[in-house]
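Okay, got some structures for you below.
Paired with subunit B in one complex and with subunit C in the other, subunit A is shared by the two complexes that follow.
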Partner chain A sequence: MSSWHPPTREAIGDYRRGERAVWLSRLEEDPDLGPGIGAIAAVLASDEDDAAMTSHLGIAFGKLFDGIGGPYTVPPYESAYCGTGHLFQAPVSEMKQLIAESGLSVDSGFAEPADHLSIELTLAAHLLSTGGPQADQMLWRLRNWVPAFCSSCIAADATGFFAGAARALDGLVAAECRKLTTQSTHHTEEENIK
Partner chain B sequence: MPQDLASTQTAGIQGFAPQPTGDRALAFAILADVFLAPPDT
Partner chain C sequence: MMKLQGKELRMEMSRRSFLTYSAAAGALGLVSPSLLVKGASAQEAMNGEVMSGSHWGVFNAKVTDGRAVEFTPWEKDPYPSFQLPGILDSIYSPTRIKYPMVRRAFLEGGAEAGPDSRGKGDFVRVSWDQALDLVASEIKRVQDKYGPSGIFAGSYGWKSPGRLHNCQTLLRRMMNQTAGFVNGTGDYSSAAAQVIMPHVMGTLETYEQQTSWPIVAENTTLMVFWSANPMKTNQISWAVGDHGGYEGLKALKEKGTKVIVIDPVRTETVEYLNAEWIAPRPQTDVPMMLGIAHTLFTENLHDQDFLDNYTTGFDKFLPYLTGDSDGVAKSAEWASEICGIPADVIKELAHAFAKNRTMLAGGWAMQRMHHGEQAHWMMVTLASMLGQIGLPGGGFGLSYHYANGGAPTSDGPALGGITDGGKATEGAAWLSESGSASIPVARVVDMLLNPGGEFDFNGTHSTYPDVKMAYWVGGNPFAHHQDRNRMIKAWRKLETFIVHDFQWTATARFADIVLPATSSYERNDIESVGDYSNRAFVAMKKIVDPVFEARNDFDIFADIADRLGNGDGFTENKDEMAWVKSLYDAAAKQGSALGVDMPSFEDFWEAGIIEFPVTKGKDFIRHASFREDPLLNPLGTPSGLIEIYSKNIEKMGYDDCPPHATWMEPEERLDGPGAKFPLHISANHPKARLHSQLCGTSLRETYAVAGHEPCVINTADAEARGIKDGDVVRLFNDRGQVLAGAVVSDNIMPGVVQLQEGGWYDPLNPGEENTLDKYGDANVLSVDIGTSKLAQGNCGQTIIGDVEKYTGEPVTVTVFEAPAEA
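Right after this comes the complex of A and B.
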């Protein structure tokens, strides 16, 4: 059984009226995230009730990420975008090691491999929030494959919801890596002055 | 303004204490949540 689920009715309600709605509104103010988050907000603002939207997005989710879409499926695993494109490759063990080095572990009840998009994003959130030295490594890791995932997702998603999330994610990762490059350049310049 | 992410999903990672100090960490956590919505309970 897959652990990757489409948004539930409760989640959709929360994205529209609850805490998640507040978070989305906050992130929409960020210029790197605004266009993508705005696209999500536009979908959520439609006239569909929560049940209809849950069904609508659930079908899209299945087509995009669960393989129902056949050749149009967008695999949410790093391994799919590296090397041969086969799943369960080196990124899985590398992510397990990164997670362990961060003092965390993958829940034994979680059926997805450790190079699943949401696991990598969750670890990035953790490392950024705790200021861990591996945050930079995690961001560059995402930069290596997330743009390709986002590009495919934007092209394949007809709802606008997941495409909006992909657009926001692409902008976020690009902006964070630009920041790292700028910091590195400044550091080198300071070293040269010394 | 949300101060933490206590109610978001943690993508099956044990030991993750979601308390981002900045909006960028918040953004990563929320996007992880969007792509991994909680299962029906």
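Right after this comes the complex of A and C.
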């Protein structure tokens, strides 16, 4: 099983003409996500047919995230953006711990370390949805490395598609963390008044 | 375990925009509720220390929560390699192959889809079952359609150590149970020497124990490293590195033995031993040796008694040396014109060699060039004239720089390995005879370009098979093979190219089917420590669980064999640990017969290592028994003597390999006749990796210049071209072009630039003819011809070209540096 893969031909069609096309156009109106989503939309609007675009984006995905790009790979793992830059460093253990504390574990069919971007985002979504006390911690955790990942992705992606996704992701995480700061400040002021 | 339901998750998303947006991220493949399941992980993470081994030596791995966090050398390693951290990095490199992948066009259209998108990175992830079904069906399809010679499985390269998980043997073991395959003979390291030496000495010489270092340290008064840099290359071994050679080098240093290094580069060995550095033009070792030999003869410094009693054919060589046969005396003056070393120095060398107990330690670069057979043949001829072969500390040795030759051999038993089912031969394990046909391994591109074409090899005359599929494991031919652009053209001939590896090498990127293999640190195995010393056996214990979807080659091949109906024959119904135990037990039985005390397998595995005593090995003198009595202990040559003239080779009648050591101009050389370019490019073994291994690790940061492979250039050559230290430069000739980073230095002779081999090929436009290699793969520039009809070895050191400051579009991608605005 996998959720971490380049867009399939069907997905490209859906982004261009299906439900996801509608969704993307709505998201483009959001100030935090707009620029990134706009870049994605521009790529999707090109003359390439679905098959050629699938291949084009598949090549870029492999080079960016799957190691095919050799030294130019942009690893989607927190470990790569701290310490030595190796994969499988302390964030893997920390994430396993966080996941376990939430009564969860990574599906054994997803052969990725626990600090994979998808897992961290999924856990953040889960913690926020369940009101878990570690939701804020998880968001700050993402804020610590996702901007560097996104910057590398934006610099390395020649297609514009993944650079757009990275821009949107960066905007999303930044916006959420701004909210945390505001809420935290507001909360402190309320406490002071009392 | 119950998965979190996406619907359930999304229902609660309304409170926070993140949730809405993360659903959007889900649409982009970033988030999936099904990644997390309810309940704790069933896997128990490991903590502690594990001993294991590698080409770079024995080490202890610290494991925290199932992750390898630090490798430290075994406390008994006398000279640990500084590359050890790179090994750890290689396990956790972002360039790991994570899943089985198939080239999109191949997956959709099969082999008939054509090779056009090969090398462009257009892969689709598939399941293991899908991948293995595809591999098995391709083997069957190609064999059914083209016969047993349709598949080349002579896969060559520096696979990881370990006597069970020897992926190349396992590939041939699997293929031997099918209709057949084409194998490769020889290797890329010492191909010319290993074919000529059996004619001359009756033995390979390159893969055999040398006179032991304690004997050398005690007796040798002049050590000559000719085209050899043991301080650098002894970091690695084919088995697990023992680094015993460094103890010998240290002993030389402490004693103050005179050392001469003959090399175009002022090497680490020159530095460490404070040696005299002599730098002839590359590829002119033979004339330089002839000049020394001529001086020895004309000044009557040669040992006629030795020549009379231990050699044959000097009388036929002599007219060539003196010029009686061709009108050209091979004098020091003649040699000087070719090699660039003053005649006086050549004569002084002759005097010094004759006066001292001299050990000529020959490296392999001198034979990895056009007519490379001649270099070591001439070195043996020279050593024979000096008459010290078989004496303590005298003679010649062709492995002091490789795998720590000369480190004394222990009393331990030999450790066997899983076999490929082919016929075993003398010497190195990879020289076993297997398959339905075989070609000299470095002629693989010739084979693809000339199906049905005729070729000579060591007295045989054959035709190239029409190969349609190649299967490569444990090697990176897109690093080690010459003339990359010619190779890429030839590779288009293949309908199917299958690769197992653990990293996305240049070769893997050119494959149709890529299977992720474990590194040797993710499986259990056993290996000897020291190719020559056999100092110990080490339990190569699994350090971490396989990462991503990597699987062991053994299991991959077993599953393919199973699909082809031969599963039990492949595994012999033994799993990994049963195999490891059986290999140990067979050695222990032999040890018992030798009087060596061996613990049970369980105790060995628990201890992690068993060391063997060294007794007789300290006193080993190569060819001493032959010297003692050449009649009772003859060499394995037709005459039983050292063959300065070979009647066997004479009978072959090759125009490029005469019956005695001879100087013949190579295809191209620095300042040679008709040279089209002004510089020699020295593609020697790299300092901080093993050929191309570890190029994809953080070690690269210790040597890369502006993100490129370094190119060392002499100060005068750099000034003449307006090149400054740190500049990006373009190296080019009529075969290709590569970028590199300039290192301006006087540690290299004028007229020579160094671009170490093994840099990962990184084409600017994959598939486009003569496209620029962005990183610095020296074999884009080297010539792809056989050394001669005799050995058909590769000519990786036959390269001339030019260098200029690069003024084109910048190509360095700085993905690890955040942009300024971040």
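Going forward, the second predicted complex is superposed on the first by the 190 of 194 C-alpha atoms of A that agree within 3 Å, B and C clash if a C-alpha of one lies under 4 Å from a C-alpha of the other, contacts with A are read in each partner's own complex, and residues count from 1 in each chain.
Note that a contact is a pair of C-beta atoms (placed from the backbone, for glycine too) under 8 Å apart; a residue touches a chain by one contact, two chains touch by 3 or more.
Please read all numbers here as calculations on a predicted model, not as lab measurements.
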Q | Between subunit B and subunit C, more extensive residue contact with subunit A | A | C
(Q) On the A-aligned overlay, A:Pro91 touches which partner chain: subunit B = first, subunit C = second, or both, or neither? (A) neither
(Q) If we overlay the two complexes on their shared chain A, which of subunit B and subunit C does A:Val22 touch? Say first, second, both or neither. (A) first
**Q.** First (subunit B), second (subunit C), both or neither touched by A:Gly62
**A.** second
Q) Which partner does A:Gly13 contact after superposing on A: first (subunit B), second (subunit C), both, neither? A) neither
Q. On subunit A, what residues does subunit B touch that subunit C touches as well?
A. 3-7, 20, 23-24, 27, 30, 33, 40, 99, 103-107, 110, 112, 117-119, 121-126, 128-129, 165, 168-169, 172, 176
Q) In their complex, what parts of subunit A are in touch with subunit B? A) 3-8, 10-11, 19-20, 22-24, 26-27, 30, 33, 40, 65, 76, 99, 103-107, 109-110, 112, 116-119, 121-126, 128-129, 162, 165, 168-169, 172, 176
Q. In their complex, what parts of subunit A are in touch with subunit C?
A. 1-7, 20, 23-24, 27, 30, 33, 40, 55, 58-59, 62-63, 66-75, 77, 79-80, 84-89, 92-93, 96, 99-100, 103-108, 110-113, 117-119, 121-126, 128-130, 139, 147-148, 151-152, 154-156, 165, 168-169, 172, 175-176
Q: Could you please specify the touching residues of subunit B with respect to subunit A in the complex?
A: 1-2, 5, 7, 9-40
Q: Flag every residue of subunit C that touches subunit A in the complex, lowest number first.
A: 1, 3-4, 9, 12-13, 15-19, 21-22, 24-42, 45, 64-65, 67-69, 88-89, 91-99, 101, 104, 117, 120-125, 503-504, 509, 544, 547-549, 696, 698, 700, 707, 760, 762, 775, 813-819, 822
